[in-house]
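First the structure, which I've put down as structure tokens, then a few questions once you've had a look.
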Amino acid sequence: MSLGNTRTQKDFARKTQIAASAIALMGTTTTATAQDLTQTLPQEVGTVAPALMAYITDGLFGTVWNAETLSMRDRALVTFAAMVTRGEGAQLGEFTALALDAGVTPAELSETITHLAFYTGWGNATAAAQAMAPVYAARGASADDLPGASPDLLPLNQKAEDARQNMVQNTYGDVSQGVVDYTQEMLFLDLWLRPDLAPRDRSLVTVAGLIAAGQPEQMTFHLNRAMDNGLTQTEAGGMLAHLAFYAGWPRVFSAMPVAKEVFANRAQ
Amino acid sequence: MSLGNTRTQKDFARKTQIAASAIALMGTTTTATAQDLTQTLPQEVGTVAPALMAYITDGLFGTVWNAETLSMRDRALVTFAAMVTRGEGAQLGEFTALALDAGVTPAELSETITHLAFYTGWGNATAAAQAMAPVYAARGASADDLPGASPDLLPLNQKAEDARQNMVQNTYGDVSQGVVDYTQEMLFLDLWLRPDLAPRDRSLVTVAGLIAAGQPEQMTFHLNRAMDNGLTQTEAGGMLAHLAFYAGWPRVFSAMPVAKEVFANRAQ
Amino acid sequence: MSLGNTRTQKDFARKTQIAASAIALMGTTTTATAQDLTQTLPQEVGTVAPALMAYITDGLFGTVWNAETLSMRDRALVTFAAMVTRGEGAQLGEFTALALDAGVTPAELSETITHLAFYTGWGNATAAAQAMAPVYAARGASADDLPGASPDLLPLNQKAEDARQNMVQNTYGDVSQGVVDYTQEMLFLDLWLRPDLAPRDRSLVTVAGLIAAGQPEQMTFHLNRAMDNGLTQTEAGGMLAHLAFYAGWPRVFSAMPVAKEVFANRAQ
């Protein structure tokens, strides 16, 4: 495929791009390599769709994963979150290994599926656990490496939580008090305060999940929260470009106007 | 996790909540028990994410499933519908067994997947059939227990159907006459009149499917129909809280404004 | 189920409809037959839900697949695209065989998953490749039958592309330059110009994917493009009716207003 700006530059662009990718991979600061990425590619792709194989190895692995907008560690975490959200459990073992190779810890991945259980549904998280277990066993990640049920929680921003809770209670208390109560007790007074996944990463996987699930209408709150928690605009833009591949172009194009509005409002 | 209203009450709340759950389970009028719920939890969850295990056993199984807003039988049916809609066939055998234990009949589950074939797509229903077949065989549910292709249908509300059909024909006849015709002939003159799933339950699984699929824009008609068919506002609110766990929080928060508007319009 | 317009005509309608279907199948110009369709139906459906079995064999296979609005070849391609989009890989082998029997070539299916990798996410395409590989092997479809990575591309409509690119650059360049660049370089200067899937078919699977994924908000551009590329309004309407079964009624009803508006704007 063409990675230059004009079609006549195509062959030249591809050759230089492959060389550049090789260099970029050698220079990466994580332990993930082109070899690690290749493990996520089923061999049948080459048999059935050689062109898709080329797009993946040259374009996705060789270029996108090495773009400077987002670290490879974050890309692996975002990809993992998207795969969990989309229910792609059959392919998740390889992406678990990739995330671990890229520097995500077993504790962080464990917290990620716990978080996504709430944000993308229970079944996705339990299916993820089934895919992850053999990888954890092979890597020797045991219970001692994983967060327990009741860690010391991070400090709560009581004022922000009061405002959030009042808004939700006033809007939806007469629709489903259960939703209002569980949201406060289980999510905002507990899950979000668990220390073994940084708030910035917790927001990152939440936003990735919302994009992958096709729910841009829920993204404004969480993208703002992600940026409050330290995600930069460049990283958010890099995440959108990365997710175009793993969640599909239309999911990202439906999220772009929301991101544009969030960025604009924060710039004021 | 915290189930009390403040974080300092956490440990006390958990202990009393577990005791309360045990009592609630003993007092349930169905045959489903904590043991039945536990069968739906893959053991790998405990290995990979101990915190998620605690959320599920204490929070979801111990508290949510026993909330009085919705019967355990309805919760099992709603959960089954959400799992079918999300294409979670690999986990569906256990939820089939759970639904049967909770008092849903084999005939009702059979009608549920037939109904959801139309409302969430053919492949979901055929995958569900594959997951259900071994459970039915183990339980001795045979063809004699299941609805046939051509039962005597429930009486039609001709006036309401005429109004619906006229609206759809006038709006979409020039877009796709096939959609208009199949909708009337296969859905509203046939599927919805099949007697082996009560109209209230048929609506319940339809709304659960719409929430799980992320289609709140189609929910107004069906939530009104569900309440016309006997679903109470309390039950609808309980279903929303229940589905937060099985379909994910964002799906439910996108459905909440629609439910709020339906409730408000019906209260006038 | 009733396929006539009134319930009293039910039995008569079914008998004549089955006869008509048999005749229609004999007269089809493709090699796909009722036998080919039946291979896509898991036998457990008959065990667990006899009524669903009847809906599928009489209604879906006997009537819908033979409606004149869309060729059987196009129906097989649209169905394949919907199944890929929905991540129904476990059932995709049979639909691959069906598409090949209906006259879709191995090269076209290969291009279809390459295209849908971008439009519905990487994991769907790689899972599809895994399901397709044994069918290709059994049919003797080898690398020689499949498009390579760098074919001679179709001519570009430079003016239209300039307009599209300027719009996207101006709207989203400050949100994610990566999305803007990859969209041009990989999609519109490359993927869409690959010759082994006709632009009309490329648009057909794109629109089918958008409907199946529940993204009507992205459909206006692509349905217009499909019709610019030769898809007729009758075919588009037939696709909507066909997808009601494979993507579920609510997906199609959310797409209908978009189709109505596109049709109306093009008629002016």
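When the chains are written out, they are named A, B and C in that same order, and each has its own residue count from 1.
Following the convention adopted for this analysis, contacts are C-beta pairs under 8 Å (C-beta built on N, C-alpha and C of every residue); 3 or more make two chains touch, one makes a residue touch a chain.
In this text, all values refer to a predicted model and were calculated from it rather than measured experimentally.
Both subunit B and subunit C derive from one sequence, and where they touch, under half of the residue numbers involved are common to the two copies.
Simply put, subunit A must spin 120° to overlay its Cα atoms on subunit B, rounded in steps of 5. Averaging Cα coordinates per chain places subunit B and subunit C 29 Å apart. Those residues of subunit A in touch with two or more other chains are numbered 87, 214.
Chain contact summary for the complex, subunit C toward subunit B: residues 1-7, 10-11, 41-42, 44-45, 47-56, 59-60, 64, 67, 69, 82-83, 86-88, 90-91, 212, 214, 236-238, 240-242, 244-254, 256, 259-260, 263. Every residue of subunit B that touches subunit C in the complex is listed here, in rising order: 87, 89, 110-111, 113-114, 117-130, 132-133, 136-137, 143, 146-150, 153, 156, 171-172, 174-179, 182-187, 189-191, 194, 209-210, 213-215, 217-218.
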